[in-house]
Structures are given as structure tokens and as C-alpha cells.
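Input: structures, listed below.
Two complexes, one shared chain (subunit A), two partners (subunit B, subunit C).
Take a look at the complex of A and B:
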């Protein structure tokens, strides 16, 4: 399979194009086509996972990637910028591989969860498939322009998916989401142009992320670390780093630019919440790995305390907020803010443990949070209500549902044996080991786990234990246990959460080489 | 003085003004045809053929340099931009226009064209002044061509502002001539930069900025755009504006020691234009008025490209101009369709999205291109703009470029907010009353075609640069 990555990337787009020509009345056709497309995607990414050579030694970033495809895309003369070269340049390494596999899986579960969409099915699935392609594209692009294209192109489908098929305040939420992320991505755009003007391949400027990470700077250019260019009196590289911090921080999301997330999550239809929490947040985190840390290691080392503090603030603030929520979906949304904070703490540690834990936490959260949103969707489908106070004692009426909620809540709060535990544990080991970080970072992050235990356990106690009660008697007849379709979505996630909890090497073995090189590359800049 | 020699020089030079001559002859023919036959079809075909001929003559190229006793300068940029103007003028045939007053309408469009092409080629102050007046007077009349009271009001407003600005410009010419004795743009590089000539130059730039609708000379724009017929608006927002930008480009590149002052002034005014244009657009309730403010902001985006004077900026300028013209032609054409169906205000767009997705989808794509999001060519245009600004900053260390970049970025975010109002109403809002809405087939086709063009230019941006090279390859350098 020579073009395996391209198939994974572009297949959904092809199906979306086919869908354009199908009558919009044929609703089932769209569902089945989308399911088939995502299923094939899963199959291909499993193939990718199996064929990936995990033992390949890495000495430069240019040798780190496998399944590389490189084609000329845009070549044009552009004044004194010389040749404008944009390549169709894709490939995976140990960091992006787990995320590609995760994405295709979550996207398939998203399609199954979309079975209940009744209105404008055609538009829905076309937008959904465009979204799928651009998410995968983000994880595999090795050309900054291509990455940016995919990064930006997630916004529009997402805007319409939330805005048309969302809940009551959907238009507010979708505009807010769009504005926040657009602002963030424009910051990234500026850095991208700056990098293009500074990085060379041969004798022409390039968008290649690989060249940027390997640090082939043109002498005296604006972002050349050796030239220490100043911008408004600050180091140009530090400004670029902060821009990226904001840009990817919005996506991650980082407190205080996280406020779009609870609204978007709550108003989005269940499948879109699943994709949003499972994958879009990972795109932000991946941007930190590949671009913020990969290209600006010198500044990253300098700012590690700042990054770690921002991570800790996200953990604590997100957790506290989750504690205060009455809406189940909102609670899960804030728990996402909290858990993504660990990714930053792990990165800021700049130790192999920290970075591995960070990546593992991304995958683990990518499995747990979709499941949590699916579970919140279960109760919403039945009653059109998600207020925690309106339910009690559900365990007696819906035992299987209770089991899954408990399982994923425990995974979320980090019970040993489940994937959440492994991720948080390695991150904390990394943080405590890091010489650059104060001990307080680790201690406060640990406190975050205690908070998550508090809100998850409290929710279980309020909703599932005690005497059976639902607020409206009209809901009574619909309070049935999980349907086959819901089980079909939750069981694979549950299995993966368990398997990764017991045997984390499924991820760590694949990422080890890359992560070691990544950390070594950054620590070269340690003062 | 050898009269015969002069005459033969004029005759040889005439081949360099063949485009303008053909347009003028075409305009006269149009009037004659209009006298005999009032059928719209015939007039439109005369108009179209004239433009096609002019386009061909422009394509064929001419010699570069000062001609007709230095009163005109032919430059490659004038040639490539002339082709944009001619094509835009040709494309307004996709708008619907009844037979009433068709002769006059197309006649005035042609005269705007002639004026704008002369603006781009003017070397003598007098030619610049006359050509600006020619475009202005035709534009005043076109503004009033919907024969409504509001159009009359807008026309008067436009006329008053226009008269004042051209008077200021004329005063500027007088000051320069009085203090230096020169009458030509090409002599500007020798100016010493004393106070009087500087003031004169600033006044001249004011006159140009008026045509380019840069703050504070933009006040006529919203009401003129709102009340003129859509095809006239498309022309007004493209033809004189680009003509003025090209003149500004030449003025800055030829102005020698005073360049710094002019470019600083233009950059500051440009930033104000972007800020004001986007912020005012936010408050609009009428769709066309909102897009007019958007067009003002777009002027602010083009402005730095015209004055940065680097090779990158030169190409970015061409790129932005072409894409801007495509987007404006498309958006005003589609607005015409909506207005025909009594959809004027943004609120009226409520809930019409689902039924006519081809038209509404196309409109959405065009609006998103106006914001400048990938994968549409509006993004590429902005991308080149940001690239040129960053490049200029790193080569000159002038912080104004960096500030401009930051302003442009924030304005892009804000522009999302207002351009998106229309798709938002179309798709996200449930209508209060269900309306029947039957757009014409041609509108749907146009919406689709323009969306495809905007997408295509993003994925294959080479097309435009190759086109520019192809155009310029026919020019004869002396």
C-alpha cells in the first residue's frame, strides 16, 4: 500500500463528493456510505499501525517519519520571496501514529452516534466527512501550509454542524467557537509566514515542518535563533512562541481562552461533541508537540514554568468548574479542560516520561471523553434533559448504563487498571522528575486528580444511587437501558480503555523512539 | 520645430493608446446604435464586442515608455490591470438589465473605463486630473441610475465630496507646479522635498485616495453603493478603485526622497480604513450596505500592497486585485438576485438556506472568501498580503508594517462576524414566516461557477501569475 496515508486522508473527502450527487431524500444511503467510509478508514489505519516500524532509530527529524509522501503542489514565482513552494507532504511518526488511529476510530463511532440525526441528513454527513478528512490531515501534514489548511478547514464544517444541528443556544455557541478558533489560527498564520521567510530547504524558502524542526534557518532571517531579531523590543522567537501558545491554546483549550468549549460542547449534537472532545482538542495538543515545542525548543525550555503553570491552572480551574455544574454535559466539558491540562504539564517537564505521558493522556482522553459524551447523550435522548438533579437512583432501572458510566468515570478519575491512570501517572512522574519545574507543579496537578475524583464520584452518587426518581413522570416510559446501537459504540471504547490501562505499551512502544528523540532535541537547549 | 516630425511621432504613439481609442469609438458607436435601435440585446452586443476588441488590443501589447510628449506613461502594471478592468466590465453582462436606458448605462460604463485606464497611464498632472474627473462624472450619473430618491441623494453626496477632493488635488498639482515648474509624475523623483511641494504631494495623494475610498474620503461609498444598481456598484467598486491604486503605486515608486512621507501617511490612513470599515460593517442591517463597508475595509487591505514597492508586494497586489474583482462581481450579482426576491436586510435572509442550497451555498462560499478563510482564494490573497507585510518589515525594520499586519489580522477576525451574518441567517435561523423563493437558473449557475473559480484559484494559485506574465510578454520594451 504505497499511498496508504493518502487513502486514509482523502477517502472521506471522496465519499463526500459522491454524496453531493445523491438525492437528499435517500437518508439511509448517506448514513451507510458514511459508515462505510469511516469503517474503511479504521481498517486502513489499523493496517498503518501494524506496518509501522516501531524500532526505527531516529537521529534527525527528516529521518523520523514513515509512510512519507511528497508531491509538488504549488510552485510559483513570488517576487523577492523567490519561489513559493508548497508541497503535499505527509507522513507519520510515533507521535502522530496513535492519534491517526484514534481519530479514525472516534470518527466511526461518531457516525454510528449520528444515526439519530433526522434533519438535512445529506448536508450533515457531507460536512461530517469533510471534518473527518481535515482532522486526519492535521495529524499527518508535514507541510505547514497543508497543516494550516486542514486546521482552518475544521472550523467551517464545525460551525455549521453545531449551528444547524445543535441545541437551543446553538447559534451563540457556534459563532463563539468560530471566533475564538479563528483568532487563534490567525496567530498561527503569522508565525507560519514568519517561519516560511526564515527556513530554507536548499536555497529556497520552505513550509516543510521537518526542515523547521531540524532548524535550517536562513542566516539573519527574522526567526533565526542565532540572529536574535527583536520585535517591538522583544525577541521575535519569543513572540512567535507566545502566538503559537495562544493559537493552539484556544484549541486545547487553555484557561483563560477556554470559554468557547463548554458552550460548544453543550450545544453541539452528541456525535459532534464526541468528535470535538475526542479529536479537536487533540489537534491543539498535537500542535504543541509538533510546532510549538518542535520548532521553538529554545523558547520552550525558557518558558517551561509558564507552560506548566498554565497547565496546572487549567487542571484546577477546569476541575473546580466541573464540581459546580448541574448539567451533565457541561460537567464532562469542564472535565475535558481539566484533563487536557495534564498534557501541558507533561510537555513542560521536558522529560521522556512527561512527554510520553502527555501523548498517552491525549489518547486516553480521546477514548474516555467521547464515551462520557455518548453517555450524557443517552440520558438526553431519552428525556431531553441532562440536569443532574433531575435524576436519582438510575442504577436500579438502567444497570448496564450505570455500569458504563461508572467505568468511564473511574477511568476519568484515574483508577489503576484503566487508561486514565496510566496517562496521569506518567505525566506526574515526569513532572516530579523534571529539574526545570518546581515541586509545586506536581503537587498541584495531583490535587487536580483529587478534584476529578470528587466531581465524578459525587455525580455517580447523585444520579445513580439512592431511591429511583426522575423529575417528570412523562419520562418514565423512556427510561430503558442501553440499546444495541449504544452498546455497539460504548463496548469498543470500554475495551480499549481497559486494554490500554493494563497494557499501555500498545501506545508507548510505538512512540518511544520518537519521544526520546523529541525530548533529547529539546533538552539540547537546556541552559 | 518640425511639425511633420511631431505629427508622425503622435501617429506612432497612437498605437499605445489603441485600447482607449477603441473604447471611445465603441462608446460613440453605442450611442449611434442607441439612437436607431433601442433593443437591449443589440446594445449589449455592441458593448461586449467593444470590450472584447479592447481586451484583444490590450493583450496584443504596446511599447513601454513615455508617449505623446510625456503626457502618458505605459507600464506593465497598467497593461495587466487594464485587462482586469476590461474583464470586469465584460462580466457585468451577467447582471440583469432592462432595455430602459441601456444605451446610456453602458455608455457611462465605457467612459468610466476609459477614464480609469487613463488614470493608470497618466504621467502629466493634467491627464491625471482629467481622467479622474471623467471617471467621477460618469460615476455620479451611474449612482443615480436606479432613478430613486435615495439614489439622487447619494449621487449629490458623491458629487459634493468628489468636487471637493478633486479641487484639493488640483490645488496640490498647482503647488507642485508652482514651486518646481514640473508637470509630470516622472519628475517627482527629482523633487527636493521642501514644505510646499510636500503639501502639494499630500493633496494629490488625497485626490487619489478619494477614488480608492480610503478614510477619510470614503463617506460617499456606503450610500452610493446602496442606491446604485448592482452592476454599477460592481463596476464602481472595482474599476476606479484599481485605477487609483495603480496611480498611487506609480506615484510612490517614482517619488524618490518623499516616498517615506507618502507611504507613512498612506499606511496610517489604510489602518484607519480597515478598522473603520470593519467596525461600521458590524452595525449594518442592510446586506448591501454591510458589504459596501466590507469593500471599504478591502481597500485598506489592498493599499499597502500598492505602496510597499517590493517585488513580492507587486505580485500580491495583482493577486489581490484579481481576486477582489472576482469576489465583488459575484457578490453583487447574487445580491441582485436576493433583492429581486425582496430580500434586502440581513434579517430577511432568515431560513431561506435549506431550500435553495446551490444559490445559498455559493453565496456562503463567496462571503467566506471575502473573509479570507482557506480553502478559498480570498485566503491566498490575504496570505500574500501578510507575507509581503512581514517581508517588508524584516527588510526595513519599519514597525508600521508590523502594526499593519496586526491590525489586518484582527480585522479579519471581526470581518468573520459580519460576513457570516448572512449564512448564519440563511442556515441557522428558523424563519418567522415561510417565504417562497425562486431564484433564476442563471443565478444558480453563476453562484456555482464563481465558487468553483474561487476554490480553483486557491489550489492552483499559479494560474494568475502565469496569466500576468503572459499578458506582459507581449509588451515591447524600448
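Take a look at the complex of A and C:
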């Protein structure tokens, strides 16, 4: 399996290309093909996970990656400007490996959840598979240009998937999403060009993220830390850092550039909400790991209080917003904002606990929030309605559904034994341990666990406890418990949430070496 | 059997038993009960064979260990929890006989037992917190067991949320200890904990052990099935806070210890006073638990952790006895729907119908009141004496604490005396009671009650009924109550005097036929502000609800901010569109206009000059000549 990573990356794209030649009436063929493609992807990812050498010692970033594939891709002479070198350069380390595995799993569950899509099935699945490839591509690219390409390529399918198959206000939501993230990527584009002009491999400029992280800067170039170049009176590196903060912050999402998220989540069809919450947000967080922190460690150290404060604001602000929601899906969307805040707090701690906690929180949230969106979809499928106040006492009518809702709500509110607790615990350990952060950061972040309990338990009480009641009597016949297909999606997620909650080393052992090097690399710049 | 396997079995058997009951379905099964019984047997074995504390560590996260620590106090408390759990299981078979979701009940009960046992043996504070949260969620599930009723599920939620708020403090406190001490193993703490983390830990314990200002949730939690109340009040949940303080007490900041003692004694007083005025039998018992927990917490504060733990132990027996007894009474009366089966004003004369329950109430009630020859007397004395000795070392103001504690003894005896008189003596005050008696006392009821009453007698612990320490001492650590004899004798004497006075007062006020009693029974709810404050327990639950409402309003305000942010961005977007429209107009009118203008001008010019081009060749030749001459002139003369 020499090209294992490429298979995982490009296989969905290949299937999408095949789909082009199938007539569009054959709807079941598309579903089955997409399921087969994602299933093979899961299989290959598990293979990747098993073959990954978790004990490999790391001393430089160039030695940190496994399954590396590097090919010349685009070489272009640019006259006096020199040469444009873009490589097809991919590989995984302990940070991206869990995310690749998570992605293929969530993408497969997304396909199962798409079974009910009736309109324009061909277009839907082709776009979905393109999206799949781009998401995986983001996590494995080691060439900034390739990363950026995949990063941008997620937008287009997403835009159409929301805009065509979404809910009532879909066009508003999809345009909002598109503009927001496009604006964010422009900031990243600027930094990418700046980095290309500053980083060298041998004697030519390069897009290689590895070279950038290892810090091979051309002497005197604009982003060279030694040159202390100023732009409008500010250090060029600090400006680049802030640009990346905004660019990836939009995806994460970071308060106050998060307002695309509730609309996009609410209007997107269920499977797309699942992918959006489970994976797209993780791409933003991954960008923080790999690029913002990986390439600008010196600035990251300087700004750690700012970053941590932004994280805390996201936790509390998102949680408070969730408390006020009446729409189940909106509530889940805001809880995502809150939970992703922990990722930032953990990163800003710059301790190995904090960083592992961030990564774990990403994976854990990548399992919990898709499940929550699936569960919101269950009630929406039956009634075309998600207003919390329109339901009551569902527990006596749909016990299994209630069980899963309770399980994932408990996971979301950080009940020990489930993965959500572990993520928050490690992040908070890291944040409290970090000498760079004030004690109040940790204490305020801890408050988040009370707020999340408040909104989740209140929702359970309003929708599931009390006397059975649904608002429209027309919904009555459709109020049946989970179908086999729904169970098939929820059970694997439930098992993983439970297993990771009890044995978190299933992920942490794989990321430990990389995370330690990552933190050590950053702390070298501690003043 | 090696000790790891033993501990694992003790811990997991209740969980597995409960789960198998759940998975195997509705029929009347005993797997859970049998497994808990085995677990109880194993804990006894463990207590016997345990010589040295057993320590085990496990690297749960990379570079982060968690571990368990089973010493004698932990092992004896394991046995206590298993025992009470077993009795509750037995009792529940009768009590929940007709409930269709009985299997769900036993699963949750097993989970509850498992969590509490885990909490007892956790050495690492994070592991302790994990089980702490599991205990919390288990109690939430059990209190809200009859979730169809709106009031019950919202009470369960309130209980959980009040705990959760305290848990935030506990969690932060634990992590702050990690920051300052570097280790989270209780057995490895070697220096005292700083002020703020100590305070946070204490707040966490106050939450679980229902100390002021968190006491309200325990009264709310009464809505759960009565055996669960017995379990929560006796051995699980509320014991967790006291146990945590017992474990970390020696390392807490000394100022925080004073705070703990003060809060403890105030809670003791608060609970006792509130209990006097209640008409609901379960509420009397609930406030009584609050009050007794206050004693235990106070004991920790004055440095008598062992005495507190002994009181925890004796309290578990007599309070479980009282609660299960109350369950019998309620079940018995429940067949008459005309009145509230928990209101003592409709009871009376039950000693004839429920003789076993009556005896149990007498024995356990005396233990609660602290009458000599009861277990409660011995353990409460230990705390009182220790508090007095502690105050002796501190100075005048510190006497407040033992003094208030002694006054509480009087009140305690009074309210439990009142309860017994109202419920059991005289004649029944509701007419229909004698018609149908389906539910009586049978084996499932009698055996647990008898065992609990037995555990409330002095002889089980020490031959000398006036001793402050017991046979349990070797297991829960030697009691610190070996203070000089004057304090010991004085405290004992005063408290015997106070408790018997309290009982006698209760009897004379409430004995059947007395004028006060008949006036009381015909009166309604109190109208004075003071009376209302007391009967509603200082309106703590209303305060919580107000707090919740305030948070909710704040969240609404934040969504307003959210709308503004979104509105601002929307404004920018709309502004962009408007600007582009303006530019489009500019483009059409001005730029395109200029182009059109030049085109129009060109056309105009063309039209004008078109006249010059004639179709007649003579004219063309003439124009040609004129042009030729003009050009010639230009070249020659300019």
C-alpha cells in the first residue's frame, strides 16, 4: 500500500468522475456508489491508523510525517520573478491522522443520512464526493498551495449543497456562508503568498508546509523572523498571524465571526449539517494547529492570552446563546460554537496537555455534534418541525430516540465516561497548568460546563419529559421510534463516544509524540 | 482471591446486575438484588482481610495517572453503601411492584451504587470528580424517574443544576491544586492547599452535601421514589461531600476550615428549624438530613473527621430506616386518594396498622434525637465534644459553634418527637382508612426495616452506651475525641438534658387531645412572614429559580447582541449591494453615458457631414477641388 494516502484522498473523486457517465434516473446507483466509496475510504483509513508508527521519535517537522508522497506538480518559469514550484506533497502525523480517520467515518455516515435525498440525486452525490476529497485533502496536504486548493474547493460543493438541497432560507444561508468563508480565505491567500516569497527549499522558493514549520526562511525576506520587517508600523509576522487568525477563525468558528454558522447549519440538509459540524469546523481548527501555530510559533507565544480569551468568549457566548434557542438545530449549532472554544483555550495554553486536549476535543466534538444533528434530523424528518416547544413527553412515545438524545446530550454536557468530558478535562488541565495564562481563563472556561448542562437538560425536560404532546395532530402517525437506518448511523457514534470516553489513549497515544514536539517547538520561543 | 479482582468485582457487580435486569426485560427478576448481595458479602470480606491500604495506579492519559486507594475507612464505607443498597433493593421489590418500568429502575439503582462505590475508593481527585459527576447524573435519573410529571422532572433538573454549579467550583479547585501542588493524589498531598482552591473544594462539597446555600435541592429531590430518597439521604450522594471533606480536610486552609465549621452549624440549625414546621412527612425527614449533614460538616471543620465519619455511618442506618418507614406509611395511605398521603395532619394512630414501622420509627427517631442507648447519641456526642474542645482552644466567639449545635439538639428532638406523635399516636384522623388495606408489612418490608433499626442501637458499636467511640474506630481511624473529661461530661450531660426536653415538649404539645394539637391540626398554612420563610426553607428553591430565570434573561440579552452582530454584518453586506447599485447607475449614466455621448456626437457629426457627400459626381469633383485648395493654402501659409 505505497500510495495509501492518495487512495484515501482521491478515491471519492474518482467515483465522482465515474458518476458523470451514469444516467441521472438511476438514483439508487448513486447512493450505493457513494456508500461504497466512503466505505472503502473508512476501510483504508483504518488501515492507515493501524499501520501508523506511533512511537516514531520526532526531532524536526520534516521527519514528523509518515506515508509521505511527494511529486513535482506544477513548475512554471516566471521570468525575472523566478520559478513557481508546486508539489503534490502529502503525509500524516499524529495531529492529522485522527482527523483523517474521523473524516472518513463521518463522511460515510453522511452518505447513509443522505439516503432520503430525492431530488437531483446525481448532482448531489457528485458534489458530496468532491467535498469528501477536499476535506481529506486539507488534512493531509503538506504543500500550502495544495492545502489552499482543497480549502477553497470545499466551499463550492458546500455552497450548492446548502443552496439547492437546503431549507426555506437556503439561498440566504448559502450565500452568507460562501461570502464569509471566501473573505476568510482571502486573508489566508495573502499570507500564503507572503510565505512562498519568504521560505526556501534549497535555493528556490517553496510552498512546502514542512519547510515553513521548520523555519527555512530566506534571509531578509518579508516574513523572516530575523529581519523584523515592518508593515504600516507593525511587524509583518504579527500581521500575518492576525490574518490567519481571522481566516481560520471564520471556519472554527470564532466569536464574533461565527454568525454564518447557525444559519448554515439550520438551513443545510441533515447530512450536510453533519459534515459541516463534524468536519468543516475541524479544518479551521486544524489550520490553527498546522499553520497559525505551526508556522508562527513566536507570535503565538506572544498572543496566547488573546487567543485564550477569544476561546473563553466563544465558550460562554455560544453557551448563553444556545440557552435562548427554541429551534433544536440552532441550539446544537450554538453548542458547537461553545465547544469549539475549548479547542482554542487548549491551544493557547501551549502545554502538551492543552494541545492534546484540543485535538481530542476536536475528535470528540466531531463525533458528538454530527450525532446531535442526526438526532435533530430525526424529529425534522417526521414532522418538518424542530421547535422545542412543539413537543413534550417524547420519552414515553419514542424511548430509543430519547435514549440516544440523552446519551449525546450527556456527552455534550461533559458527563465523565463519555468523550466530551475527556476533551474538556485535558484542555482545562492544560489551561490551569500553563503559567502563561491567568487563573481566571481556566475558571471562566470551567463555567462553560455549567452552562452546557443548563441548556441540554432544559431541552431534555421540555421535549422529552412531562406529558406526551405534539402540536399538530397531523404529526401523530409519523411519531415512530428510530428506524433501522437511523440506528445504523447512531450506534457507531455512540460506541465511539463511549469507548473514547473510557479509553482516550486510543487517540492520545497516536498523537502524543507529535504533540510533544509541537509544544516543544512553540515553547522554544517563550520569552 | 487477589485484591484487585476483589475490588473490581465489588465495584462492577451492582452495575452488571442492574444492566442485566434492564436488558432481560420486564418480568420480576432478582439478578440485580442478588449481585448487590454478593457485592456486599465481598466488601465484608475485604474489610476483614485488608491490612494495609491498597494503592493502584493506571496511566489513563499519557503522562497522567489516576489511581485508587482502599484503606480501612474506604472499605468500611464500601460495606455500608453495599448494605444500604441491598436493603433498598429488597425494599424496592415490594415498593415498585406495580411500576411498569421497574427494570429501568433497577438499572439506574445499580449504576448509582457503582458510582458511589467508585467515589469512595478514588484516590486521584480527577477520578473522584468523575465518580462525583456520575453520582450526580444517577441521582438526576432516579429523582426524575417518574418523568411524565412535569413537576418531578423539573425538580430533578433543579437538583442536578444546583449540584453542577457547585461542581464547577470543585472542578476548578481540583485543577488549581494541580497547578500549585503538581499532584492530584490525595495520598500524596504533602503540603496544605492554598486558600482559593480550598474554598472551591469546600463549595463543591457543600453542593453535594446540601449545605447552605445549596440545601434547597435536597428537599426538591423528595419527589423521587421513596427508596431512592432513603438511598440518597443515607449512604450515597449527600455522603459524598462529607467524605471528600474527610479525605482532604487535613490539608485544607485553616481559614476555610473555620468557614466549613460555621456553614455546617448554620445548616444544622437551619435544617432543624425548618423541619419543625413541615407537615409533609418526607419533608421533615429531608430537612432533618440537611441538619444532620450540617453536624458532619461542622465536625470536619473542627478537625474531628473521624467523629463525622462515625456519624455518617450511624446516620445512614437511622435515616434509611426512617425513610423506608415513611415509604411504608405513604404506600399504606396511598389507597385513599382523597387526601395527600404525605401530610401528617391526616395521619395518626398508625401504630396499630403498622406496628413494625412504629417500632422502627421509635428506635431510629431516638437515634436521630440523640437519646442515650442509641447509635446516634454516641456519634453526635463525638462531634459535639470535639466542637467544644475546638472552641476552647480558639476563644470566646468560637463557642458560638458548639452552642448553636447544642441548641439544635433540642430542636432535633422536638421535631422528630412531633413526627412520631402525629403519625403514630392517637386515633386516625381520616375516616376511610380502615376500609381497604391491601398493602401491609411483609418480608420485603420487614427485614430491611428490622436490620436498619438494629443498626441504630448502641450495642452494635460499643458496650458502653455513653462512649463516644466505637468498635468501628479501628476501621475509620481513631477518634480525636479524647478531650479532657470536663468537656466530655458537660457536653454529654447538657445534650442528654436537651434531647429529652425536646422529646417531652413535643409529646405535651402534640399529644392527642391537647388543645395545642387540635388548634394546630385545624390551622392552615402559616401567614406571617417568618412562618412562611421557615416552612419554605428560606425560599432557597425560589432563589435558585430566580437565579435560573436571571441567567435565562441574560441569555436572551445575549441573543440580542448576536442579532446586532449579525445585523451589522448584514448591514455591511446590504451596504455593499447598495454601493454596487450606485456604481452600476454611475456606470450606466456617466461612464456609459460618456461613451454614448461620444457615439451620439459622432453620429451627429456624420449626419451633418453626410450632406457633403452627394451622389452627383460634378459636386464631388467641386468638393475635391475646394479641399485640395484649402490643404494647399494650409501647407503654403501656415
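The rule is simple: the second predicted complex is superposed on the first by the 525 of 527 C-alpha atoms of A that agree within 3 Å, B and C clash if a C-alpha of one lies under 4 Å from a C-alpha of the other, contacts with A are read in each partner's own complex, and residues count from 1 in each chain.
As a convention for this text, a residue touches a chain if its C-beta (ideal position, glycine included) is under 8 Å from a C-beta of that chain, and two chains touch if they have at least 3 such contacts.
The structure presented is a predicted model; accordingly, all values stated were derived computationally and were not measured.
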If you stack the two complexes on chain A, which partner ends up touching A:328: first (subunit B), second (subunit C), both, or neither? neither
Touch check for A:509: first (subunit B), second (subunit C), both, or neither? second
Considering only the touch criterion stated at the top, classify A:179 as touching first (subunit B), second (subunit C), both, or neither. both
Does the superposition put A:470 against subunit B (first), subunit C (second), both, or neither? neither
Which partner does A:279 contact after superposing on A: first (subunit B), second (subunit C), both, neither? neither
Contact-wise, after the overlay, does A:58 reach subunit B, subunit C, both or neither (first, second, both, neither)? neither
Applying the document's definition of touch, where does A:194 land relative to subunit B and subunit C: first, second, both, or neither? first
Jot down the residues of subunit A that show up as touching in both complexes, subunit B in one and subunit C in the other. 179
Listed in rising order, subunit A residues that touch subunit C in their complex are 176, 179, 256, 259, 317, 320-321, 323-325, 352-353, 356, 393, 395-396, 410, 415-417, 421-422, 425-426, 428-429, 432-433, 439, 442-443, 446-447, 449-450, 453-454, 457-458, 461, 464-468, 504-505, 508-509, 512
Which stretch or stretches of subunit B touch subunit A in the complex? 310-316, 354, 357, 368, 373-375, 379, 383-384, 386-388, 390-391, 393-394, 399, 402, 405, 409, 412-413, 416-417, 420, 424, 427-429, 459-462, 465-466
Residue numbers of subunit C touching subunit A in their complex, please. 60-64, 126, 129-131, 133-134, 137, 140, 144, 147-150, 153-154, 157, 160-161, 164-165, 167-168, 171-172, 175-176, 178-179, 548, 551-552, 554-556, 558-559, 562, 565-566, 569, 573
Note which residues of subunit A are touching subunit B in the complex, please. 73-81, 84, 120, 123, 148-149, 152-153, 155-156, 159-160, 163-164, 170-171, 174-175, 178-179, 182-183, 186-187, 189-190, 193-194, 196-197, 221-222, 229, 231-232
